[in-house]
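Taking it in order: structure first as structure tokens, then the write-up.
Going by the order they are written in, the chains are A, B, C, D, E, F and G; count residues from 1 in each one.
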Amino acid sequence: MLLAILLGFAFSIFLVFTGKFFKGRISILAAGIPLALFVYFAQFIGRISDGEVITQFHSWIPAFGVNLGFTLDGLSLLFSLMITGIGFLVFVYTSAYLKGHKYLDRFYGYLSMFMAAMLGLVLSDNLISLFVFWELTSISSFFLIGFNNTSRESRKSALIALAITGIGGLSLLVGSIFLGSITGTYSIAEMLTMNPEIASNPYYILIVALIFGAAFTKSAQFPFHFWLPGAMKAPTPVSTYLHSATMVKAGIYLLMRLTPVLGDHEFWNTTLIIVGAITMVYSAIHTLFRTDLKGVLAYSTISALGILVFLIGQGTVDALTAAAVFIIVHALYKATLFLITGIIDHQTGTRDTTVLRGLRKVLFPVAIAGFLAALSSAGIPPTIGFIGKELTYESTFHFGNMAILLTGLIVITKILLLYAGFVAGIKPFTGALPERFENTKMPSFLMWLPPVILAVGCLVFGIFPGLIEGSLVKPMVSSMGLDGKDIHLKLFHGFNVILLLSVITIALGTVLYFTLKPTKKLEAWIAKFEKFSPQTIVTNSWAFFFKFSNGWTNLFQNGYLRNYVATIMVFTIALTGYSLFTTANYAVDFNSFSPITFYEAATSLVMLVAIGYTVFTRSRLAAVASMGIIGYAICILFVIYSAPDLAMTQFSIDTLTVILFVLVLYKLPKYLKLSDYKMRIRDGVLSLAFGTIITLLILEVLAEPVNKEVSDYYAANAYILAHGKNVVNVILVDFRGADTMLEISVLAIAAIGVFALLKLRLKKSDQR
Amino acid sequence: MTDIFVAIFSLSGAIFILFASIGLIRMPDAYLRISVTTKAATLGIGLLLLAATIHFQDFSITTRVFAIILFILLTAPISAHLIGRASYFSGVKLWKHSIMNDLEGKYDKVTQELKSEDVEELKKRKKKEKELIKKKPLK
Amino acid sequence: MKTIILRTASTYLLPLLLMFSIFILLRGHYSPGGGFVGGLIASIAFVLHAFARGLDNTKELLKIHPGFLMPIGLALAFLAGVTPVLFFDLPFMTGIWYPGQLPVIGSLGSALFFDLGVYLVVVGVTLTIIFTITESA
Amino acid sequence: MKNRFLSNIILMGIWVALTGEFTFANYIFGFAFSFFTLRMITTGSGNAKYFKILPKVIAFIFFFLYELIKANLQVAYEVMTPHYNMSPGIVKIPLSAKTNVEITLLANMITLTPGTLSLDVSDDRKVLYVHSMYITSREEFIDSIKNGFEKRILEILR
Amino acid sequence: MTLHEFIFYIVIPILSISMLLILWRFLKGPSIVDRIIALDLIITIGIGFIAGYSILTNRPSFLDVAMILALIAFLGTVAFSYYIQKRNKK
Amino acid sequence: MEVILAILIGVLYAAGIYMILRRSLVKLILGIIILGNGANLLIFLLGRVVKGSPPIIPADSDVFQSVYADPVPQALILTAIVISFGLQSFAIILVKRAYKVVKTDDLDEMNAIDKDS
Amino acid sequence: MTQQLVLYPLLLQMFLSIVLMFCWRKISWQRVISIVGSIINVGVSIWLFSYIWENGTQIVLAGNWKPPFGIIFVADTLSATLVLLTAISGLAVSSFSSASVVAARLKFGYFPIFHFLLLGLNGAFLTGDIFNLYVWFEIIIISSFVLITLGGEKAQLEGSVKYFTLNILASMIFLTAIAVLYGLTGSLNMADLALKVAAIENRGLVSITAILFLVAFGIKAAVFPLYFWLPDSYHTPPSAVAAIFGGLLTKVGVYALIRVFTLIFVGDQFIENIILIMAVLTLISGGLGALVKNNLRKVFSYLIICHIGYMIAGLGLFTEVAIAGTIFYLIHDIIVKTNLFMVSGLIFRMRGTNSIRNLGGLYADYPKLSLLIAIPLFSLVGIPPLSGFWPKISLIIAGFQAERWWVVGAIIFASLITLIVIAKVWASVVWKEKKELPVRLNFRYFDKLITIRKAQMIAPMIFLSLVSLYIGFGAEHIQQVSSRVAGELMDNQQYIEAVLGK
């Protein structure tokens, strides 16, 4: 299985380097891969339906507990077949749809990368590696949605999709890590037995909420649904593959996969039912107001995903069976509808339902496929759609005390979806063919065959449900931890309430289809509600957030150096001040200090006055000279306190600095009076506070005992071992000679810097 | 005995320095201040340093101190000269009771050249010379 | 500066100050001084010369660009530090001492060469900085 | 050649005195070192006859010290008494001294004695501008300088 | 009175007072030249102080600092004059 | 005396920060220098100060016979002073160059970089 | 031979700098010396790393003075790792510089100073002496000053004034902290300090000293609210300089924080909380800044800040898992950020601007280079299994275990913002149609470069991209290193014993 996944990645990398050589032939090569993989996974059907679970384990990063553990059971098998099967058809379809496109090789690269990621996602047993693949699907989806990268809209949609699914991805990551932390493993298989412990863990709600965050964003549940219609900017094969058949189902997959781990808890069930219900009804209503075929399909897809979440939320055997069947149903008919929409778009140049009519005359095989898919979507027998709908009604109708309400909702949804299916699958083909479409040509069989195959699937599986019952549905239900023995798929369940509901659904739906025609007016009408939609709310909050970000950034990063310094000082003063006043013991022992002599006092006074003068003088040169006096006073202090070497150095450096200043200053203008009174007060307070803290700190430190171990060692060995009597110099060239080596390096670098700063003049063309 | 010499030398040195300092405060213009301080301080420092040589009575210290004194004697007048000159450049006025100023108008503002004669006079003379030269060929 | 007095004095001050600087360099191990202050005095000598007689004269006197003293000095100090590593398998900066005493200098050891390196770097740095500024002033 | 040799010896002496170590090696080192220093800095040529003028130098030193102390006391008096007794001004003194060394030495001596300050030498080296605290008349002042310091300095240096 | 006391109570205080007097001139100015004179003189006094202090503490090594002060103070004055001359050059 | 030194150091720090907070580039550099002086004195004082006993072993002995000042802070300060010198001279030239290119000493005017955000 | 091994990277860099100074104007020699030297340096660093990996922490006593008296150099796993990463980034930038830095700059000491900077970085990682660390920091600072001003353009100067002032301020605070530490303990050896600081009774003083270190290193590491110098300066120098700055300079601050707060100041709850709060605000502030900026390099600058937050968060959480996350992130970030700034340089050479608004069309013009650019970009986001992803696991686990939800929240927030920012950058720089910009006269566009220069620019990006792919896909190895480092850091007794014996 690892190889199967790697094959996709390898192929996409391979394309990057060799894409140029293959040109047109690339399609054959590309389509071969999903086909091979489909065959590979299909051969497991027998073993899986016998109840076997095939696992594979590759150690990857044991340090994190992250491994490439793969599980092939009912659930992952179904998804794998869908991914590779529909993948194959989409690959084939693409070869015609994007024939001669400049970047066809890249497109296949992304597509196969996506396929591989998707396979990895559904096969992974390890939550972290699942997350890895999850993110890869988001990223490859980003590249695919933005494939028409010169279109502003495409780029925007790709970004929104990435942002929303990115939030979900991170939510999944955190959820997985938390789950891993409380269970001690990332292996889903190992977690299966821990359901009660997890459910009783105090973090259960948090973890489930995080997992929901992931599933709802990926599967476009209300209120995160809006990225999906936007993602329809992608080329049709992408919409088909990612946004109806596979990627959006990753959230569904996750919920199904974790049902045995996290399910069977009130929070889990209620939330899923509510969110699913809102999503399915909300977006089903939206389909009524769309004139773009892809828009209709997008909203009906969201609605279908809502139905799935709704079913998973019920969590009963019936509901999960219904969900399992509905996944297949939806994959078949929705993929078909998308593909034919692509054909219509490709051949006629429009997807506008208000003008598309009578195309059966020019696109007959496509019309057949559309008709079958529409039937399946509407749940009209003998398509498999009917079975799916019956199961859905069955489980909902028997679900607890809210059953009537929930059934009502699902029926309304189904009615609306029937309308949507008809609009997409039947309407373009019926009626008279307008003049403008008369010259429409049949596309290459590579394009129309895939939808036909899928549409035929809708019919065949409907007539022979046994084909999928034992092989796919039962194993799938059992891999969700439930007993699937009693499942029997059949078209006719006998006359009962469920059948009645079906009849009502079909009847009302058909009436709706014939009475309500999609118009621009309707579309405009619903647009009025846009300002209350989640998308608008999110967009507005994003705008607000962006404004806030700008404000926040500019508040701190305002370009004024003095504000930066002030902020840093405030921070430092606050922390040190707090520490000092809360913990210091103020044990200053004045007796331990030496008495003040006349000359010390005089020197200090000189220094103090010079400092004041340097700070407040208005003359630049006087400030520099006065700084010279500060340095001089320090030099005298160094003499007084036994540091002749220091005094020498201090004084010579001080003089040199003054000289440098003098040499530089004579080109500069006079000081201007720049800061106002208030600013001076603020700065004064700030600096005095800092000075005070330093003084207090010094007094505190001076009260502490002294340790002279190191300097005593130096003193004792300076002459005996290091052959010098000036201990300071011995330290500089021997004990701590490395410092000195660096110190002269600093000087050399500074000199080079000065040299370059003054001599180097860049040519205009070399500047930024 | 040496202590007494040390005391005398150091005290007189200090006093000369004090004079210089008071001079610096009291003298009315920059030139006078320079004038007063250079010498008094030089002498004062010299005496203090001599006191140190007497105190330590060590040959290497003595030579070193003499080197310092020599150096001060060499550089102090140059400093004074430079500052004095700089004062004149920066337009420091003479004390109002000064009795003469031969330097007035001798510096060329542009080239900072110092003439031995008045710049204006020089110009006049050159003009005259030119006129004379002009006249010559006529004769 | 156009002053005969300073110009004349600088001719005599230069050798005097240079000698002082070497003196201070060599005795640093025993009394206050050392490579750093020594180097500063040496550079002051040249700076003074440059002030008095113009930069071009001083540069002519120096013959090489003062900046070139920096790598030389660094190399010398580095060699003094790295010699024990290369030849004695001792750690970096380990003092290597010539047994016995030399006149003036006292003990001769790698520390002295190190200090000499410091001296040269300081001269190079100070002169580079001040000369560059003066030139572009 | 001769001058260089002399300067060399003098510098060596200063070196030995400075280090305070009168050993043979130190003389050699001092000699070698000052040799290199001189070689490095020799651009122009000086012209000094060291030995002939030695007695005059000593005499001059005593004269100078005398002037120094005398004038210092004068200034001290000026500073310490409440009223100003001075009559300062800048005087132009024509120079007999010709070489740089002569002029420099003269100017410095004038500066070092209290009450007077050499401000500058004219670019054509013809005159020296001196600031003085006590001027009675221009001629008298010029005379005192020319017959005092200048004469003695020129005696030594020529 | 010992020499130590003499230096401590008489010589050094005189020098310290001189230092403060000069500081006064430095603050008062009025011209930049006055400040430079004050700076030069205060350093010169520093040399004297160090001489006195070395007698006081009986440590000749401080005299080396005096030597450096003498050598370098001169350069400072030269630089300032250089500056003033350049500044006034039109 | 230590108390006075402590206050002096506090004043140096305060003055340094105050000058760094001004708008003039020259004052900024002066502030940095003053702050550096404060830091050096701080090392010096916290290493504990001793009067009149430089850490130089007397000529006639191999080890100290009496009390001596701690040489370690002195060596550290020496290094710090020299490093500061390198930085300061660089900074001073930076002022010069900045003035030439940006044509101002006012730090508030040096914000062109923010215009092209 | 291996006795002095710890010093070899330092000696080599010093040697290179000096040799390069001798070759002052011969820039083609300098190019060769720098690249060859950097290759040797990578070899030496690998040698050092593997030696440390086999034999544990090694020390060298400079001057052969026994600890704690002399300066000591210590290579534990953390130091050896960082030295290796410096060598790798250094090699990449050395090659990139040869191609992208204009000859005028090369003639004014670019390469010697570049190697001094690397020397400083290595030294800071290897030293075991707090004052020596200060000196190394100064080497780094002054080299970076020179590099950031080299050329002296207007923007460069304006940026460098801020860079200069705030970094100097940091140094002063650092020096103040060292002074206090010396006043309290009389020692400078970090291991010895660890022992002596632990024995101080006045904990308040210890706490204040720790805060001073926090501020000093916090400024260098560009942590909120101390990072202001960074966004105002990092976009101004040549890209090669920005690359080494972006990759390594702030990390040395992070390293210092890690070292000091795992070795000397351990177990102060107050400080740990402060660090955590700072980390969270850093994550947020950096992210917000990156979101709103429109200059590619400014965006990257803010992302540097943002991602420093991860590392600091790990330090603040202060568990073995968290520190391992910090170390892993550090390793990843050095490589990727270096690469990113080289990418910005490449883009600048292609288009003559770094303004996101004016960029576009890379995808059409340079399809393969776009894919190369994608690797560092998406590694930075941490799209799994690329390198930025793994350390977040450790950090989130640590946050969960400590029940610091707000820290986890900030980590997630920063990840999301990074994702959005990078996607935005990708969409507008790579995808968006090319905007016709006025052609810059005499500007050396990428297309016009000779092949060898092109190769010198592209090869280091490929090199670093491969390294970051290795970090991602070979996360097992990196995690082993990180865990071992975390283990060593959490038990400071190990370090102390390695240095002081016993």
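In this section, a contact is a pair of C-beta atoms (placed from the backbone, for glycine too) under 8 Å apart; a residue touches a chain by one contact, two chains touch by 3 or more.
Quick caveat: nothing in here was measured; it's all calculated off a predicted structure.
The minimal number of chain-to-chain contact steps leading from chain B to chain E is 1. Between the chain pairs F-G and B-D, more C-beta pairs are in contact across B-D. If each chain is reduced to the centroid of its CA atoms, chain D and chain G end up 62 Å from each other.
Once the centre of each chain is set as its mean CA position, chain B and chain G turn out to be 58 Å apart.
The mean-CA centres of chain A and chain F are about 49 angstrom from one another, to the nearest whole unit. Centre-to-centre separation of chain C and chain G, using mean CA positions: 36 Å. Those residues of chain E in touch with two or more other chains are numbered 12, 15, 17, 19, 32, 36, 53, 59, 61-62, 64-65, 67-68, 71-75, 78-82, 85-87.
Counting only residues that touch two or more partner chains, chain F has 16, 20, 28, 42, 45-46, 48, 51-54, 56, 59, 72, 78-79, 82-83, 86-87, 89-90, 93-94, 96-97, 107, 110-111, 113-114.
The multi-chain contact residues of chain B, meaning those touching 2 or more other chains, are 22, 34, 42, 58, 61, 64, 67, 71, 74-76, 78, 81-82, 85, 112-114.
Interchain contacts (touch definition given at top) occur between A-C, A-E, A-F, A-G, B-C, B-D, B-E, C-D, C-E, C-F, C-G, E-F, F-G. Within the complex formed with chain D, the chain C residues making contact are 2-5, 7-9, 11, 14-15, 18-19, 22-23, 27, 57, 60-61, 102-104.
Note for the complex: chain G touches chain C at residues 3-4, 7, 10-11, 14-15, 17-18, 21-22, 24, 60-64, 71.
Against chain A, the residues of chain G that register as touching in their complex are 14, 17, 21, 62-63, 65, 68-71, 102, 104-105, 107-109, 112-113, 116, 119, 123, 131-132, 135-136, 138-139, 142-143, 145-146, 149-153, 155, 161-162, 165-166, 169, 173, 176, 180, 183-188, 196, 200, 202-205, 207-208, 211-212, 214-215, 219, 225-226, 228-229, 231-232, 236, 270, 274, 285, 288-289, 291-293, 302, 348, 363, 367-368, 371, 378, 383-385, 389-390, 392-394, 396-397, 400-401, 408, 412, 415-416, 419-420, 423-424, 427-428, 430-433, 440-444, 475-476, 479-480, 483.
Residues of chain B touching chain C in their complex: 71, 74-75, 78, 81-82, 85, 112-114. Residues 644-645, 648-649, 652-653, 656, 659-660, 663-664, 666-667, 722-726, 728-730, 732-734, 737-738, 740-741, 744-745, 747-748, 750-752, 754-755, 758-759 of chain A are the ones touching chain C in the complex.
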